[in-house]
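The following pair of complexes shares a single chain, chain A, combined with chain B in the former and chain C in the latter.
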Partner chain A sequence: MKYFYLVWKSIWRKKVRTILTVLSVLVAFLLYGLLSAFNQAFRGGVDIANASRLVTIDKISLINPVPASYQQKIRAVPGVKQVAMSNWFGGYYQDKKAQFAQFPVNPETYLEVYPELILPDDQKEKWFSTRDSAIVGRDLVNIYGWKIGDRIPIHSEIWTNESGSQVWDFEIAGIFDTDDPRGSTALMLFHYKYFDEGRAFAKGNVGWYVVTIDDPGRAAEIANAIDTQFANSPNQTKTSTEAAFAESFLKQFGNIALIVRLILTAVFFTILLVAGNTMAQSVRERLSELAVLKTLGFVNGGVMGIVLAESILVMLLGGLIGLGSAWLLLVMLAKQTAAVLPGLMLSNEALVTGVLLMVLAGIVAGVFPALRAMRLTIVEALART
Partner chain B sequence: MSGDLVVLRDISRTYQKGKERVEVLHKLNLTIAECDFLALMGPSGSGKTTLLNLLGGLDKPTSGTVEVGGEALHSMSSGALSKWRARHVGFIFQFYNLLPVLTAQKNVELPLLLTNLGSKERAKRAATALSIVGLEDRAKHYPRELSGGQEQRVAIARAIVSDPTLLLCDEPTGDLDRETADEILALLQALNRDHNKTIVMVTHDAISADYATHTLHLDKGTLAAEATA
Partner chain C sequence: MMTQLKQIISVTAMNLRSLPQRLAASVVAVIGVGAVVGVFAGVLSMASGFEKTMLSAGSEGTAIVIRAGSSSELSSGIGNNQVQVIAEAPGVVKNEQGAILSAELFVLVDIAKKSNNQDGNVPLRGVQAGAFQVRDNIAIVEGRMFDTGKNEMVVGRAAQQTFSGLDVGSVIPFGLTEWTVVGIFENDGSVSESELWTDVRVLQSIYRRGNSFQSVRVKLESPEAIEAFTDFLKEDPRIDPDVYSEKAFYSQQSETLATFIRVVGYPLTVLMAIGAIFGALNTMYSSVSARGKEIATLRALGFGPLSILTSTIIESGALAVLGGILGGGLAWLFLNGYTVSTLNGASFSQVVFDFAVSPDLLVQGLIAAVIIGLVGGLFPAIRAVRIPVSAALREL
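After this line comes the complex of A and B, so read on.
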């Protein structure tokens, strides 16, 4: 630590140059923070997927429905513990642009296959027993300010009810949370029966099934058994693990992880050039000063360490401000996007990786100037002054 | 009577310049007594600075032996020489060579970073060194805020702060006007006389050499003559 003052003062030798370098590092890590958070939010479903859950959809496409009658048949497959059905509702509340997920489900079985959803018993009972009731996640309550007992109209862009309206009324019976901090509660769940009886078309179908199994090690075998059962039916199925399903769903948007990685690689490569150039210039300009340090008794490795420390410090300075700015922006953005892109946040993993990247980039950018400083011959360097 | 601090035997130093070998010092023998103030004079290229570099462990002879305070510098590793310099030698350069980003106080503290002293003790010793050179009121000033003479005083404070045995000065007044040069030379004289520092000073200037107790003349890599003040 006693050398920190020397390192700190040295990086501010050319203020404008250092500020510009710090700013470029800042922008790089701001981008890193934002893109990491978006990537993680998109991958949220994959990361929190439960190994004991399978998802069964139509073999051709998720858009095609599968018969509701499949529920009992799937339930009968050996190794299957429970089966919940679900369907895309495609609705919004008041503002068409502010869409969020709503699923008609079998309340009891749905809560069994998603034990991470936490709903107080009295609210559970109320939901189970009230046909047009719904439960809403805490994230939605925070956005819309709903409370238990409120009646809310949800406008579906897909489903017309038998009265010819696309507006469906629900009474809020409960508010659920989740015990998985990575999970989202920007979700509304209501009775499949209320939905199926009320809709004007496509009755008796569901969008997908969520299946819990007793042994994750037999997932492939059980998935195969489910699909084999419907192999010769008009509605063939495709069953995969929840993680594989989430992954394939994500791929519809493109390979986001790859895009993020490519952007960040380009950004960091540029940053290495910028910071490397700054450090090289900085060392070139003060060869005599570094020689003086050696004259005073600083060993070669010590002088190299000082130059490397300068490089790492510049990276940390820009990087930490960049990551801090990304965190602040994400906190603000997360409130706006909680319903459509839940889980938009800078994870601890991304933060730690970010700091490690800063140190690594500092070392890479500074290593050649530092080696030059280390190899500097005092007599030659002083002879130039 | 003081003993010998520096003993140089059959020192030669040869540099390779392209295909040509240039012998800067040729079989030079020299002893410098403790508490001596020696001026080294001679024309450009006579080997004065090379000799100073060898005395300070900044360079190694091609042949011959260099002993300072009983330690054989010619056989020391680069790391050992660095540590030896930190303990035993103070350097004073023509162009001061202060770090422009540090205040006078922090420049003087630099050699003490290599010791185990705490920050308060470092600051205290630097303040003492600055007071010896008469610059205690300029401690917070940066080199750009000081005159040439003041900068050289700070450089002298930096050279003496770790209480070295030997001070090596390479044209310490070469960049100063006469009046300021005399002040600096008087200061060096006082350090030699009052603080028992052994000083070796390279200079072109005969007036400066008069402040020393001995003057040696170098010519073409060999000692030409000796004069005593």
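After this line comes the complex of A and C, so read on.
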């Protein structure tokens, strides 16, 4: 630490060059921050999945319905705690292009299965007891400005109700939050009964079941027991853990993580070259100065340390500002993307990895110039000038 | 004027010839620009490849009818009586058997991708005999057509290559029913090739859809005929349709994903380009300072500031263009034609497409490279001209 002043002075020896290097490192880590936040938001469903929750869907495809009568049968499987049902509604509010998720559910069981959803008790009671009421997530309220007691028309692309209309009316009974900041609340929940009695076709079916179990360690076994039960029926099922379900859905998009990693590799490789080149130049120009340091009694390792420290410092300088800007940008962006891409933020893990990457990049960029500085013989270096 | 030009040419030639002496820094600049152009072409080639696949399916001469308010075939529903109304509409090509149309059912089945063994939402389409007439350039290229009334299917070439177990002769179980693949069809690499086709009657009974469909495609007498066709259907009380030309329909289906890739791709490129400009500036500043004495000597000999300025910018531009060619070339070499499949949110189904590093993208990439080179060269060039000759000559 006592050489910090020396290191600090030498990186500013050529101001323009250092500023340019710092700026390009800044851009690299800004990109790193943004891309890893996006990557993580895409993975959101996988990371926050609850290990004691299973998802049961039709074996052929998620879009095929499963009989509502399965609920009791799944409930009876040993190890199963609770079973909630859900269905895709495919609706929007006023703007056809802004679709969000609405699920018809059994209010009591659904809240039992998703304990992370927080709803005040009075609102809960109101929802449970009002047939055509719905609860909406905070993210939706932020977008549409709804209030408790509002009646809202939701247009379903799929479901015609018995009056022949695709517009369904709901009264907002409550507004819920989630206790996980990565989770989305861009969701609307209403009574399955109201939905099933009201729809013109496909009555008596549900889209999928969410099952909670006693022991996450037995997840595979219980999932298997559920599926075996329906193996000889026309509606076979496929049960997986919530994480596996989310992961398999994510994989449908193709390998996003790989693309992100490729881009970051290209960026880092380039930045390393720029920074490495700068350090090499800086050492080349200062050979005589470094020789003087050695003459004054600095040991080889010390000189090497100073050069390495310079390189790391430049990386940290640019990197921390870059990560900071990414963080600021993400805070601003997150509000706008909450409905489409929830959980857009820099995780602690990404931050720590980022700082480690800065140090590592500093070492890689500085190691050859530093070795050169260490091996320098005083006589030769001084004779050059 | 002529002397100016000669000066510029000779100083530029000298700069370029002395590049090997500044090899490391020059290579850094070239690679920096190369990375930008490579990433740019790579990311956006996904958007252009996806659009190419989606749009090549769309004919102006074919209309598609879905239920009003549905944004995709999946959420639509059309009854058999409504299909009759559509068959009678004006503007539809007719032959001895009646209107040329195909009423279709669109469902999804989970089939594992070969690449990662994970299930994908593969579209399974029930079609009528007219399906091959309402689409252009479509043909069975291997095996045969499915027989009506049987659990047989023909699969698109792209689907067969991407998902497992879809070769001719394969048997696939969906629930308690088993299906045999009897043929492969091709359709100019369009989105249809990502689909599996079977007899719509068979699919209706297995999916318990009664006599209902999800979309109807008709062959129009001409692209202009769509207006009269649409007006007729809109006025008929028996049906509440949305009518699109097939081309408009697919362009709407591809919009969200293609826009998303672009919204990510362009800012990404701009950011990376800014980083590369800093790299180029660094390189050119050090090039100018390494040649400080040389430049001062030239100026002392009477070479004008314009020639020094221009030659420095050209040097930087040349490095950037080289980088651009390198990056674009590598992207083209490794990514063009690379086949991937993704979930198209608009249809909730898998679309198989090839990355398309189009000439358009390469030109845009080169333009970006030139901009990086010019900006990266300009400020160092100005400095080169500004340093007083006497001071520069005294420098080390």
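Heads up, the rule we're going with is that the second predicted complex is superposed on the first by the 383 of 385 C-alpha atoms of A that agree within 3 Å, B and C clash if a C-alpha of one lies under 4 Å from a C-alpha of the other, contacts with A are read in each partner's own complex, and residues count from 1 in each chain.
Just so we're on the same page, a residue touches a chain if its C-beta (ideal position, glycine included) is under 8 Å from a C-beta of that chain, and two chains touch if they have at least 3 such contacts.
For clarity, every value in this text was computed on a predicted model and none was experimentally measured.
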Overlay on chain A: chain C relative to chain B, clash or fit: fit
Partner chain(s) touched by A:T278 [first = chain B, second = chain C, both, neither]: second
Which superposed partner A:K126 touches (first chain B, second chain C, both, neither): neither
Which of chain B and chain C A:V267 touches, first, second, both or neither: second
Touching partner for A:H191 - first (chain B), second (chain C), both, neither: neither
Partner chain in contact with A:V379 - chain B first, chain C second, else both or neither: first
Touching partner for A:N300 - first (chain B), second (chain C), both, neither: first
Chain A residues touched by each partner, larger count belonging to chain B or chain C: C
Partner chain in contact with A:V292 - chain B first, chain C second, else both or neither: first
Touching partner for A:L6 - first (chain B), second (chain C), both, neither: first
Which superposed partner A:I60 touches (first chain B, second chain C, both, neither): second
Superposed arrangement (fit on chain A Cα atoms) - minimum chain B/chain C Cα distance in Å: 11
Chain B and chain C footprints on chain A, overlapping residues: 385
Interfacial residue positions of chain A with respect to chain C in the complex: 16-17, 20-21, 23-24, 27-28, 30-31, 38, 59-64, 90, 96, 155, 157-158, 166, 232, 234-236, 238, 248, 251-255, 259, 262-263, 266-267, 269-271, 273-274, 277-278, 280-281, 385
Complex contacts: residues of chain C adjacent to chain A: 24-25, 27-28, 31-32, 35, 38-39, 42-43, 69-72, 74-75, 107-110, 113, 116, 118-121, 174-176, 207, 264, 268, 271-272, 274-276, 278-279, 281-283, 285-286, 340-343, 348, 350, 396
Partner chain A, residues of chain B touching it in the complex: 53, 56, 58-59, 78-79, 82-87, 91, 93, 95, 97, 99-102, 106, 110-111, 113-114, 119, 158
Of all residues in chain A, those that touch chain B in their complex: 2-3, 5-6, 9-10, 12-13, 288-289, 292-300, 378-379, 382, 385
